[in-house]
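Data first, discussion second: the structure below is written as structure tokens.
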Amino acid sequence: MARFVLSLHTPPSDHDTSQRIIKFANACLSQGHTIDAIFLYQQGVYHASTHFDLASDELQIGALWQKLSSQNINLMLCVTAAEKRGLDTSNTGVFSVAGLAEFAMLVSDADKWVQFK
Amino acid sequence: MSTLHIFSKPLNYYSANQLENLISLDDRVLLLGDACFASKQFKQFSDALLVLEEDAHVRAIKLSHNETPISYDEFVALTLTSTQLITW
Amino acid sequence: MINVLVMSQSSPFDDLNLRDALDMTLIFAAVDQNISWLFSGPAVLALKKHQTPSTVGIKDFFKNIKTLEIYDVENIYVCEKSLLDYGLSKTDLLIDAHTMTFSEQQTLIKKQHHVVTL
Amino acid sequence: MARFVLSLHTPPSDHDTSQRIIKFANACLSQGHTIDAIFLYQQGVYHASTHFDLASDELQIGALWQKLSSQNINLMLCVTAAEKRGLDTSNTGVFSVAGLAEFAMLVSDADKWVQFK
Amino acid sequence: MSTLHIFSKPLNYYSANQLENLISLDDRVLLLGDACFASKQFKQFSDALLVLEEDAHVRAIKLSHNETPISYDEFVALTLTSTQLITW
Amino acid sequence: MINVLVMSQSSPFDDLNLRDALDMTLIFAAVDQNISWLFSGPAVLALKKHQTPSTVGIKDFFKNIKTLEIYDVENIYVCEKSLLDYGLSKTDLLIDAHTMTFSEQQTLIKKQHHVVTL
């Protein structure tokens, strides 16, 4: 069984990439692989906002992250990327605030790093 | 020992990248998202393109004979049998 | 009444670009301006029939594009060359859009008060 | 004297476009033109966040917007664009929340609409 | 009656747009930001390019003889003497 | 110790892409991995000397690129063809980067455990 790290670089308005990283993550887990982290970087940090107001026919990305987090995946966001982009880092929902060093160490131990953008 | 090159947009989104010079003959090319619309444009990189089946289906795209449909499970497996991954 | 042209060049699921262009087009129609919408490059794929984004949880904005005619948005234009590039013919399209050569597109641009790319 | 509407489409992490729209706006004003609105649209809505945490050698975009707003310019953001992107629309600093219709009416009356991206 | 075409990135960022077919001979082309690095690439659209002087200066770019430096005041004036503006 | 390659293809002031790549490069050096950074396309312009973004209020990240050597980041590579495309020679560059042909770039990629595009 392999160890994965996934990074997400697109903002939450990119619904297509958002649904794809969730499905990829679920496929990893269902095959018995480990996901050491999903890391929000660049515009991806905005996924950790808690202020979405979406119609019911829109991709419910918050609920999808919630569901993933309940499977014990480490959902992280890059704190410096977030601070520069105006994300409220004191209120990041299911994502935990992390430094780039922590992420780099997880990547160093992982078998595969897959970027989503 | 092959690299997996991953695209999610039509080729014009990547024009700066001189891709034709960075993709080896034995590398594999996987199309996701809106890249599935543009499989013809990617043929120059690989004879046998891999296409995420679900994304092609959503876009009402019928795959041609030298395009291999890939499930999410196969996508995961592909990353493990590739020595490098590049998400362009 | 002023002439406003919305130009779309993004692929259909590139962020919300096509939906932003749709909103912009509808709102200028709603405030009674003479709005036109021109699709070129991969944006022409947003007019392709039979797409089903809701099966992956994404809003089906193709449904909304189909309703443009109801809202009296009649000036929908498609770059002829771009259709060719993506192997599409007029019968593959959701709506009855007018195809345009490049020189017709130039003429369209020259008629506008405002041109917005989205 | 002419009436301008400016729209900003890039996120606050695009420092280059950010400083340029501010300078263009100031040049308009110094020539005696009117700016009926600066409108945040698409990723531009994130400019209205109140949670930036920037080092002193970074572009101080918040202060620049503040200075513009004190010159009586209508700084607006598109509410639907913001809600979809997770911006906290109850706390948007010097920007006021507006609908696309309001913007379209301002454009209809303006001499020039300049996009910044 | 000329359209002002505004660019802020090198030409490869706009490859989908079939620009050569949409820019008329009597149109004007203004380069901002990182587009200033790539003035040679934009020469095909207009013999006389306009370049935002401050952006070129920041990037240590020396303008050649057929590139006209433009101040912010001139940029504002240009938008008023153009019938259409297109920010690509 | 693993091999990680950061690939930059954005123009210098395109969002924070070049700065994100710089951060990523420095952090992998800091956690003692064998990091390489390859500049191609308009990204090679981020190595051009004498740029002064601080005069327009933008952080001078060129200063930070110059310090890479201090942090033991030695594998900085530049696409030879891209330098040519932008009329740059090695003496125009901030730092002593190695130029690479496409085939050398392919070889570099094949040596990596992880490749990240930023």
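In this document, chain identifiers A, B, C, D, E and F correspond to the written order of the chains, with residue numbering beginning at 1 in each.
To be clear about the criterion, a contact is a pair of C-beta atoms (placed from the backbone, for glycine too) under 8 Å apart; a residue touches a chain by one contact, two chains touch by 3 or more.
Since the model is a prediction, treat every value here as computed from it, not as a measurement.
With centres computed as the average of Cα coordinates, no chain lies farther from chain F than C.
The greatest number of inter-chain C-beta pairs in contact is found between A-D. Distance between chain centres (mean CA atoms), chain A to chain C: 33 Å.
Chain A and chain E have centres, each the mean of its CA atoms, that are 39 Å apart. Work out the mean CA point of chain B and of chain E, and you get 35 Å between them.
In whole angstrom, the spacing between the mean C-alpha positions of chain E and chain F is 27. In chain D, 11, 13, 16, 42-43, 58, 84, 112-113, 115, 117 are the positions where the chain touches two or more neighbouring chains simultaneously. Counting partners per residue, chain F has 13-16, 41-42, 56, 58, 114, 117 as the residues that reach two or more other chains.
The multi-chain contact residues of chain B, meaning those touching 2 or more other chains, are 10, 12-13, 16, 33-34, 54-55, 85, 87. Chain pairs that touch, as defined above: A-B, A-C, A-D, A-F, B-C, B-E, B-F, C-D, C-E, D-E, D-F, E-F.
The part of chain A that touches chain F in the complex is made up of residues 7, 9, 41-43, 80-81, 84, 100-101, 103-105, 107-108, 112-113, 115, 117. Taken together, the chain A residues at the contact with chain B in this complex read 2, 4, 16-17, 20, 23-24, 26-28, 30-31, 33, 111-117.
By the touch rule above, chain A contacts chain D in their complex via residues 11-13, 42-43, 46-47, 49-54, 58, 83-89. Residues 1, 3, 16-18, 21-22, 24, 83-88 of chain E are the ones touching chain C in the complex.
Across the interface of their complex, chain A is touched by residues 13-16, 54, 56-60 of chain C.
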